[in-house]
Amino acid sequence: MAESRAGIYVQPTRTGVDAATVVGLVCGFGLIGTAIFLGGQPGSFVNVPGVLIVIGGTLAVTTMCFSVSEVLRTVAVLNKTIFFSGRDPSEAAIQVLGIAELARRQGVLSLQNIMESLSSEPFLHKGIAMVVDGTPGEEVEIILRRDMQATVLRHQKSANVLRKAAEFAPAMGLIGTLIGLVQMLGSLDDPSTIGPSMAVALLTTFYGAVLANMVFSPLASKLERNSNEETLVNNVYAMGVASIGRQENPRRLEMLLNSVLPPAKRVQYFD
Amino acid sequence: MAESRAGIYVQPTRTGVDAATVVGLVCGFGLIGTAIFLGGQPGSFVNVPGVLIVIGGTLAVTTMCFSVSEVLRTVAVLNKTIFFSGRDPSEAAIQVLGIAELARRQGVLSLQNIMESLSSEPFLHKGIAMVVDGTPGEEVEIILRRDMQATVLRHQKSANVLRKAAEFAPAMGLIGTLIGLVQMLGSLDDPSTIGPSMAVALLTTFYGAVLANMVFSPLASKLERNSNEETLVNNVYAMGVASIGRQENPRRLEMLLNSVLPPAKRVQYFD
Amino acid sequence: MAESRAGIYVQPTRTGVDAATVVGLVCGFGLIGTAIFLGGQPGSFVNVPGVLIVIGGTLAVTTMCFSVSEVLRTVAVLNKTIFFSGRDPSEAAIQVLGIAELARRQGVLSLQNIMESLSSEPFLHKGIAMVVDGTPGEEVEIILRRDMQATVLRHQKSANVLRKAAEFAPAMGLIGTLIGLVQMLGSLDDPSTIGPSMAVALLTTFYGAVLANMVFSPLASKLERNSNEETLVNNVYAMGVASIGRQENPRRLEMLLNSVLPPAKRVQYFD
Amino acid sequence: MAESRAGIYVQPTRTGVDAATVVGLVCGFGLIGTAIFLGGQPGSFVNVPGVLIVIGGTLAVTTMCFSVSEVLRTVAVLNKTIFFSGRDPSEAAIQVLGIAELARRQGVLSLQNIMESLSSEPFLHKGIAMVVDGTPGEEVEIILRRDMQATVLRHQKSANVLRKAAEFAPAMGLIGTLIGLVQMLGSLDDPSTIGPSMAVALLTTFYGAVLANMVFSPLASKLERNSNEETLVNNVYAMGVASIGRQENPRRLEMLLNSVLPPAKRVQYFD
Amino acid sequence: MAESRAGIYVQPTRTGVDAATVVGLVCGFGLIGTAIFLGGQPGSFVNVPGVLIVIGGTLAVTTMCFSVSEVLRTVAVLNKTIFFSGRDPSEAAIQVLGIAELARRQGVLSLQNIMESLSSEPFLHKGIAMVVDGTPGEEVEIILRRDMQATVLRHQKSANVLRKAAEFAPAMGLIGTLIGLVQMLGSLDDPSTIGPSMAVALLTTFYGAVLANMVFSPLASKLERNSNEETLVNNVYAMGVASIGRQENPRRLEMLLNSVLPPAKRVQYFD
């Protein structure tokens, strides 16, 4: 009994950084930065008005498409793409099967003893707490699914904001370059200034391309991907908690979980 | 009783400006304008024939795709993207639940007393007026939904007009630039005029990019977004008025409303 | 009786020009023309080989995608985008309700008296003629719907031809410009010819952009839009004629018509 | 009897060239060729390495996407876009109704007399042969439909190969131009070679644009169009043969055929 | 009997290279290489920082969109596009029909004798092994289909990674070119360096176009194509093994297989 209870002790979730996002960002910008430094004049790549036009303009136009609060919420959600505390779906399934077995053998009330070890998984914790409080399984599942749905919608809206930003950033870069070109062409008196002026004009196109292709577009993809993963884990938790609340046989729960897990992640807890 | 009637007094709807649209427009054009003024010769960015070609041409071509009245209606609908009098769906739900409770306790005819306080919400006012006049709930709902549908279609058509304009504006800019380039290349006698002529030629491309990316495209997105929000609030009103007309239990109405509200906006009027 | 018969006299359909198409075409080309004339050398914008390459090439390539007869039919259908004899759906509904009331009160055969006044609406005329000849309502509706379907398919195919042309025109313009550039670059001996040669090379890109964005693409949109409007009116006629043929109550017909009319066009013939 | 049998003698199918494809190809390339010859130096438009890069490269990359046999099969199917032996659907329907009437009046075995006149229509010939051999109507239809399905799939796959080629040809043109530009820029010693080198570099872009827009893309559209037409005719044949095999009344067959024919092609064989 | 058993000896699967991929890659890069060598200075096409920016940057940004393991798995799956051990679906069907006939005549246990000859087809081997072990046909099919589904999902995800890479490679090329242009324009002192600097700047655009159009995009298409082919063969195996497990008549199996095989690949094992 002791070892079975031990088995369901929740290991602290790996709340590390999302390796792919960080490595991608660091390598990408590192390569760009190296190429710029190798060229000798890194200062010529900094142009404050250009940065303001591209970043500020993209922000302004994206905000026009949505509401201020939706854009701010997107910034807040961005940490999900860098600090990804995703538990493996298989681990989540095995953990929830362990809890279900404990509940079956020692009764639902015995779950109170493991509540504190679940505090790193607020979604699971909330569900088990409701079960221990005697909320019927069906109602627990409805409440948890409503929570999941709200999270997915929030992430989807934020991904849309990022996609719009990735669409507008190159356009703002082009607008900045056109401003620079018109200004340069209007004063061609001194040929020696043509080169530097044109370089400055091209900078906003450069900023726009970098922002869209190395920040907004990949972050939107990553946000959608991580949201799918989180939904999968939460789905496992919701099915598990509902099954515990209905006091079903854990073997039936295993079958149920395997039907939603991707093939490579299926578990075999009972032999 | 008094406090319950007080609770349903409709607070004047916040008919302020849509912060996101105004801030976005002001910031976006402010940034562009600053960049132009910093360059020293703001006058070189004004080219009346260019403005006529891009704005007039886009208008002409967009009108060809639709009818004159559809284009004019779009201009009229644009104020919806700047002055957005949207009530929060939760507030609308609570307000309608308050009215439903009043109707249940004091009878439908008592709603006549609060009619004037609803005048700022013409859609709700129209519905309650029909209920007070004794129109059956089903019929009220059909009439209100027909109104909603007409509004959505009108907004959708206007958003389509804006999207078409966003599609044609850069094309008209390109056409203007080609005209300028051909004219410039045809008279290369005086090399000193090449720069200014080319600057003027590029201006139409600039106008087209600004119009499409900073005006038409974001306004189309905002129009669709605000139309969705308005539809959601009107849907809450229609369901509420129909429920009052059918003299249903307000608790059932609360359940119904929560099924259409987005998760974050659900209400709990009765405990 | 007299005034009711008078009420159904068909006013000659407004077979005027489609204001939006004509105004759009005139304004668009007027703006372009003005910009060209202001530049001083309108002759430099005429290049017969360029016109042949872009118009002829677009026609040739579009013909390859379809058959010769489909392309010719498209040219014939184009007048639908300029001379639009569309009756308002509400007017059509009221007219058909008037005829239905007349048929109900004086019998179907009495419709013979108003046949000639319907000659400006061949679709309605054909339907009423069949009803007067004693063809059963169901059969009349099938025949009329078959006609409508054939018209819609014909218009859809023509719109597709125009869309393909709008797709190929800029490509042919690019091909023409590449030919011009290669020829110019091959003989750089006399620098003074570079400018004019390049101007000529750019002309085909200009022609392609104008053709695609100011002619083909808007005409395709307009054709689809007018086809939808015509279908709506013909649908009203088909439903009306079928109802007269079945000798139904005109009040039922009114309900039926309102279910297919867009909200803003619904009619109330009977009070 | 004689005249009825005469009526079903199959006129030799018009196996002429597909006018639209040939006229389009000839006119398109004729216009391009004229423009090149008018420029004076047609030789400057021939660049063997450029032709190899664009045609060879497009072929190589398209082959990578598919298999060697699929690409070869596409080349074989191309003749369908030039030599189009399509019979008119109405003609096919009348012909099959004639055969059906003959079979009904003189018995199925009498069809043996007209077998040789059908040899120009292998699909119909195969079907009638099976019916004469006593194969039941249902089985004949299944076999013929399987044949039709195989043909459609084969044509669809070939159209996809052409579309991919139309997608890759401009990309290969760009790659060739970039190679030429890099080579030219690397050796700017003699300014007099800049023009010709750049002309050569632009040639691959020209080849790619011509190949994609004047060959691959229109041929893909035409292949799909002709495949649809052929399927329609074969569908008429399959329905007819099945009906003959089931010894149904030819009048019923006429109704059936009219339900699949496009409105403009419907037939009235029996009065 | 001997000859029937001989007939089902599995010929070693043709695990050769995928001709189309290898020929396409070799020819494509051969053409490009030849064009570069003919230009005289192949060394000017090698630019290590440019290669790093385009390849490294594309890898970095693609990794950001997915997870590190998904990108690594894509590299591992790439060999499927070059070494394609696909058996022909018809061959697979005939082979499985041979095994089914053997099982029917000599009993399922007799299949143990041919197990080793199946070792080159692990999927079929696994299925037959389960049948010989007495696993019921339904369960074998469920397990095999779960395997197939896992493989398809894995290939689909890898194809998506390749498509994203094909999308980002040209963008990284553009970013590299912009860096080079800004650096060049910033130091225009010595006009003789303009050419070479610009050549270097264009190289990243060249790398990006080559990577996207000649590597990533065709490999993604090929991966999807080969995955479809493999699924088809595995589907034949799964249906065959399930049928053997259920001890059905092989003639019924033939009918079943023909319903999933494409028309050109249908088999007729029994006459």
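Order as written gives the chain letters A, B, C, D and E; numbering starts at 1 within each chain.
Here is the rule we go by: a contact is a pair of C-beta atoms (placed from the backbone, for glycine too) under 8 Å apart; a residue touches a chain by one contact, two chains touch by 3 or more.
The shown structure was predicted, so the numbers you read here are calculated from the model rather than taken from an experiment.
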| item | value |
| --- | --- |
| Touching both subunit A and subunit D (chains) | E |
| Angle of the C-alpha superposing rotation, subunit A to subunit C, to the nearest 5 degrees | 145 |
| Distance between the centres, which are taken as Cα means, of subunit E and subunit B, whole angstrom | 49 |
| Subunit B-subunit C separation of Cα centroids, rounded to whole Å | 30 |
| For subunit E, residues that touch 2 or more chains besides their own | none |
| Graph class of chain-chain contacts, one of line, ring, star, complete, other | ring |
| Chains in cyclic order, anchored at subunit B, direction fixed by subunit C | B, C, D, E, A |
| Footprint of subunit E on subunit A - complex, ascending | 18-21, 23-25, 27-28, 31-32, 34-36, 38-41, 44-45, 192, 194-196, 198-199, 202-203, 205-206, 209-210, 212-214, 217-219, 221-222, 225, 262-264 |
| Complex interface listing, subunit A residues touching subunit B | 49, 52-53, 56-57, 59-68, 71, 146-147, 149-150, 153-154, 164, 168, 171-172, 174-176, 178-188 |
